[in-house]
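Note that the chains take the letters A, B, C and D in the order they are written out, and that residue 1 is the start of every chain.
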């Protein structure tokens, strides 16, 4: 893993009623869907290369492993602020750190990381990150 | 059913990646979750009585039947504009009409209605709509 | 619509914890996902033509409209028995009736219908049902 | 953490169409919902104390952190075999290891762990695991 550090971006996700489970707070797996949603928004808005543009180049990103720690419940009336940033690149992989804040008070609701792997849509196999994409993402 | 007609309200819902199914558009049941989400937002913002406040009065709303027609696909990059309005009240029931528009172009993506029933949280049984709630909602 | 009547089939779906919402019973849109799941199982098992085989012929089914009435809550410990059957064919459409039973006691939890439209995967447009598929499904 | 090792149990989960995402395989967060579902089934079947019985004692389990590595895609036609087992107990926490197999061929689809914390439903705060529950679960 390289040691360089990159920009971190924030996106807001409004909790939906279908995210709430029997415990009366956001279902634990939905926190991960909020990170995914934030990442898609940030790809489009900040990196200027949306997931649809990766698909056009016959490339896609899949999550190969992840870790999350839950700190504070998100509830029906909450807005989540999802901060993500590339930690490092390595071959076909990109390590993305995230923190989810509860917008009201900006306390940490959850934190962790996703390890993304770039795949070829044709072969389904990992692909070394192309140099132009590393450049585009190294902001 | 009475014949009175009430205000219609609009809320925006941003499509999330976890809403997309194998057909590469929003999963058909998620359109209904968008209506539910819009309704919660509109209860809080326009009717000035959120779902949480109903719960505090030991009341809740459940969907007792619904109908939806799908007209146009919503996709990953779309924002849905969900318009809802009370059509009529009758005993413990409230009929809510909805139209979901694709924000870009404002063409209809889906339309239909939800029939909501008010339940007592204590007994689990239907409750005739209290007069003050009908007043609050008759805007 | 023709008046012929076809076989009805039953499949069991075990309720999962992620199907339960804040009301402590199965979320209303998940009943529709149970019908979809049952239909996929029945296509494979009874009609001997799975959804994957439709895809191989560049065809797919999408839900164009639906109606559901909720009669009884499904809860965490329940198994749903989903009965479906083709009601009629008409051009590119197939009307499927369904009843969802609570396995314990076999009381009706919900009932309604899905109107499916056959689409070409290439053009994205409706396709008149091929005669061999109508035959295969007319059991 | 203690070093004792406990029984491991297996449960089958049939993939549902609403679990499939745009990549044509099971959405990454649904693997975690399969572990949760398997755990509920195993609590009822093998530990003889279902989640509902915890609730009756004003106790509940929440996931406080988790880790998962994805090894192989699960697809629409797959059945997942979810193996879980208690790794260790510590205060209010219980570490549960899991492996998800693809039933056809029994290759590993994903593996990882959940760290569960026991909470009081009244106070919402962690509760040291009662001795009788440790006994019941130490099989």
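Following the convention adopted for this analysis, a contact is a pair of C-beta atoms (placed from the backbone, for glycine too) under 8 Å apart; a residue touches a chain by one contact, two chains touch by 3 or more.
Quantities reported herein were computed from a predicted structural model and do not represent experimental measurements.
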item	value
Between A-C and A-B, the pair with more C-beta contacts	A-B
Repeat of interface B-D, chosen from C-D, B-C or A-C - more than half of residue-number contact pairs shared	A-C
Interface composition of copies chain A and chain D: same or different, split at half	same
Chain whose Cα centroid lies at the greatest distance from that of chain A	C
Distance from the mean Cα position of chain D to that of chain A, given in whole angstrom	24
Chain A and chain B, separation of their C-alpha mean positions in angstrom	30
Distance between the centres, which are taken as Cα means, of chain C and chain A, whole angstrom	34
Contacts with 2+ other chains: residues of chain B	17-18, 29-30, 33, 36, 76
Sites on chain A touched by chain B in the complex	13, 16-18, 30, 33, 36-37, 40, 44, 50-52, 76-77
Complex interface listing, chain A residues touching chain C	17-18, 20-22, 24, 27, 29, 76
Chain C-touching residues of chain B, taken from the complex the two chains share	23, 28-30, 32-33, 36, 60, 62-70, 112
